[in-house]
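Next up, some structures in structure tokens.
Both of the next two complexes hold subunit A, though its partner changes from subunit B to subunit C.
This part shows the complex of A and B:
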């Protein structure tokens, strides 16, 4: 594997001094980092480090008590989830959050929800503009299905699919929104090596072909070091490292956090 | 023997369609929010009461305030809808800024205008179409209030907590309707033909007796059901509703505004309640017992499945036909064989059937299969 060394200049999203606590538990303390347009940015850290909380702040599920997030030049202290989606932020979840009763196709179609514009009136009649629009979006969804190689499960209710495929459908749903920033919460957790390789390929392809900026949380160090451009490391809600993979590998604080250190 | 049997069957099926209509309201809300809405029956009563009082106006002493409120609501909601549509178009064309304020202002103006119109209109009884339109607007407002004051604060809570909330809403609505409109028994006159129709007089002696009112009601219900089923299966908003039912967080992450969806669902089920209230009210008179019809919807739901619109229909038909047939044909046999006091089968038959279904097919006829991974 070659070590990727690409340079990105334009900041897409900047996190400034974010602190988040639940009651007395501090999940995040004064976190600052940035995500640049076009890069693959990884967030790593031991269990309970606050990685998912960080993603939830970016995507508007959690509202941090302090700090602000600047996205596409607009500085906000909080944002609601559907607003984040409207602004081009899509995500997947650590424990798959698909619509289990619905087919693969319908799940991915929900990802196009924001791009469909016909009003309630035509929707109710399901005729004219609404029908044309449905067909047009169906085409986009079929492209994603081809891209992710899940043609054969198009009509299967996702509740019946094996875990690895569900993860792939979830990625498809996020891609359907044609996001500018894609947040992936442990996209490879619980997968076997073959599935992981597939997923890595998809993540890299999405980044290359669509130019989508990706921020991912992952535990598999091999994967993280291979595919990400820059890595930020959290431990107990604090940032302990930030840099390109090679720097992170040599960072003593990071090594201590992962291996444990005797005090 | 065949003649009376068919007659009972038809009567039962027509009643069954009306059960379906009530059950439909439950299904809609259950599909979209996973909540069993105990308040559905109260909504039916509230809608029926509102229509009866607006259109009936037997004595107008205390109705006046109600009409005032209703008219204000109609215009307010109508203008808010127009404003919302304009705002959406505006945003779709790349406009920026928050136009919500203007929409609110517009609807406020509408409310004032509506109030003025009501004042000018005076105390007369409203024509039926206007009463129905006003009630529809009021049901929309009610949905908004429920979403805003109750549901919004309970996002991601346990189902049982949401259920308790709807229990509260049910009792509030029962009482509030009477506070607003009075507690007598009112009539709704839809001008439906009352004379029974006789079918197939050539085939059966005396023909089959069918109540035309039931027939009209059945047609209305059938149309509603077909439209709703298509809406849920085929459209973007329908898909969004199903998505919200499955997973709140995931739905939000793909940009489905939860509050908006709940508003749509509660409004639609309010309108279904209105249709049910209208028909039941015309049939039985508007009185408190209408809200108990909601309990008849329970076995219908268990039969049909809580998440299936077609299931609500078929379940309603089976229950309707089953209880009539059992009352007419099974009861005399039982009474004779076991030397019982009387019938009353109609009252428990539906629940027995539901119980049997629970034992053998808990997801109902059309419900989603329950798949659990261990």
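This part shows the complex of A and C:
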């Protein structure tokens, strides 16, 4: 097994002292970590540890009560989801959030919505600028379709696709935005071994070929330890570990959280 | 056997993105439009024009408008009648007060634009309320607009009964008077409007509507702005509905009162959209045809078979059979007549083979 040892210097996103609670439930308590440009950063932890809440804070869907997030040098305590999208943060969801009534092609085209500018008038005529724009973005989307090997389901409504392919289409929609930071919420949940291998390959290829920084949540420890550069571990909303995979494997607090200890 | 797409290769994205990518579909649609334009005028009677074709076309346009809002953007509306009234009265007031604008195209577009403005206003609550609750909120717009046109006398030019009439309708010097002229004018308008609607729903504006419909949270996270997207849908939808309302008033009724656009009209158009197929422009036409034609056919049917019955019994039977047919179609295909048509086309592609 090859150990990936890459060094990253530039911080893309830094989370500082984030606390988030829903009424009396503390989802996150004073979490700080950073994501460096170009790396694959994993967030792991048992169920209910606050991993998805963390991603929701990063892309502006939840607004933490305390703390701030510095992204590309700009520090802010909260932002709106579409601002995060405009800033180059894209994500996928734990429970697939595709547009079920639309085809694969249309779903991935929606990922480029922030780059499509022609107004109602030209759209109504579907002529001139509107048609040129549509074809230009279609070309970009077709590259993603080729990359993800989903040419055969281009025109199929995504509601009819099997689970593994839906996950792939959702990744395609996120990639279509050409994000700088890609957040993947359990990209391999519920997949069989071949589908997991395919998905790992896509994640690594995205990171290698496009240089996209990736932050992923995953439960399959084999996958996490293999593909991520650094891992942050949450348990009951608190950070209990942060480091390269080999450190995490030997971290007693992490082992206790996963295996349980008698109190 | 005739309906095959084998051998029709697309070499450009433009060719792949056209409205009807299959050659046979293009021929069929052009043939239907040509027949409507050239063949129908050869034999159609006045009754066929005024009771069937004109109502069918105008209500199809209204159904397209409502389908954009309900079927494509997922925002339920019961205010269609009110928006048709806005279009009708805006058009009437322009026609009445600005003699220079005595051109049906100008007048209708003005009605559409005013209706779009009112639609945006009543669409604002849609940011906060969804589903059935939004339906109730739009119902309020229906009642408010009914009240407005009954009570604000300026809008109806101070006629004592609130009933207004238009005469002398023309467009660019073409006097649109006889049923055939009206039919051809409406047909042209509806064809253009349908192409515009199709262009909108297949472009990125249409995708933004469908994204909001299918999963609004995900749509927001990938960068769509919910309020702007929903208000665009309300505006475009009300624009079409307003034009349909102005047409209904000017070319179908000629003289009307606010009751012509009451809540029953809203329900009628909504049923057309649901029976025809949500999220399908073809469905808007099929639904309108079903709702317009079925009562007429049911009414005539006993006569064709020589069965004598009283008018009262006939109209009761008409209601019962019509209701039963609606239930039947919704059970057989909840996605509407447009889906039945799509399934038929799927089968036809393979016919006579099962797979």
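As a convention for this text, the second predicted complex is superposed on the first by the 263 of 263 C-alpha atoms of A that agree within 3 Å, B and C clash if a C-alpha of one lies under 4 Å from a C-alpha of the other, contacts with A are read in each partner's own complex, and residues count from 1 in each chain.
Assume a contact is a pair of C-beta atoms (placed from the backbone, for glycine too) under 8 Å apart; a residue touches a chain by one contact, two chains touch by 3 or more.
Just so it is clear, the model here is predicted, and its values are computed rather than measured.
> With both structures lined up on subunit A, is it a clash or a fit for subunit B and subunit C?
Here subunit B and subunit C cannot both sit on subunit A without a clash.
> Is A:113 in contact with subunit B, with subunit C, with both, or with neither (first, second, both, neither)?
Both: A:113 reaches subunit B and subunit C.
> Once the structures are superposed on A, label A:177 by its partner contacts, choosing first (subunit B), second (subunit C), both or neither.
both
> I'd like to know which partner A:151 touches here: subunit B for first, subunit C for second, both or neither.
After superposing on A, A:151 lies clear of both subunit B and subunit C.
> Let me test your reading of the model: by the given contact rule, A:160 touches which partner, first (subunit B), second (subunit C), both or neither?
In the superposed model, A:160 contacts subunit B only, not subunit C.
> Of the two partner chains, subunit B (first) and subunit C (second), which one does A:101 touch, if any: first, second, both, or neither?
A:101: touches subunit B and subunit C.
> Go through the superposed model and pick first if A:65 touches only subunit B, second if only subunit C, both, or neither.
It touches nothing on subunit B or subunit C.
> May I ask you to decide whether A:135 touches subunit B, subunit C, both, or neither, giving the answer as first, second, both or neither?
second
> Please work out whether A:90 is in contact with subunit B alone, subunit C alone, both, or neither, and reply first, second, both or neither.
Both: A:90 reaches subunit B and subunit C.
> What part of subunit A is shared between its subunit B contacts and its subunit C contacts?
Comparing the two interfaces on subunit A, one with subunit B and one with subunit C, the shared residues are 59, 61, 81-82, 84-86, 90-91, 93, 97-102, 106, 109-111, 113-114, 116, 118, 120, 123-124, 126, 130, 134, 173-174, 177.
> For the complex, which residues does subunit A have touching subunit B?
Listed in rising order, the residues of subunit A that touch subunit B are 59, 61, 80-82, 84-86, 90-91, 93, 97-102, 106, 109-111, 113-114, 116-120, 123-124, 126, 130, 134, 159-160, 173-174, 177.
> Give the list of subunit B residues in touch with subunit A in this complex.
Interface residues on the subunit B side: 85, 88, 92, 227, 230-231, 234-240, 242-243, 245-247, 249-258, 307, 368, 371.
> Touching subunit A in the complex: which residues of subunit C?
Per the touch definition, subunit C meets subunit A at residues 12-14, 17, 196, 199-200, 202-205, 207-208, 210-211, 213-215, 217-225, 232, 236, 279.
> For subunit A, which residues count as touching subunit C in their complex?
Touching subunit C: residues 59, 61, 81-82, 84-86, 90-91, 93, 97-102, 106, 109-114, 116, 118, 120, 123-126, 130-131, 133-135, 138-139, 142, 173-174, 177 of subunit A.
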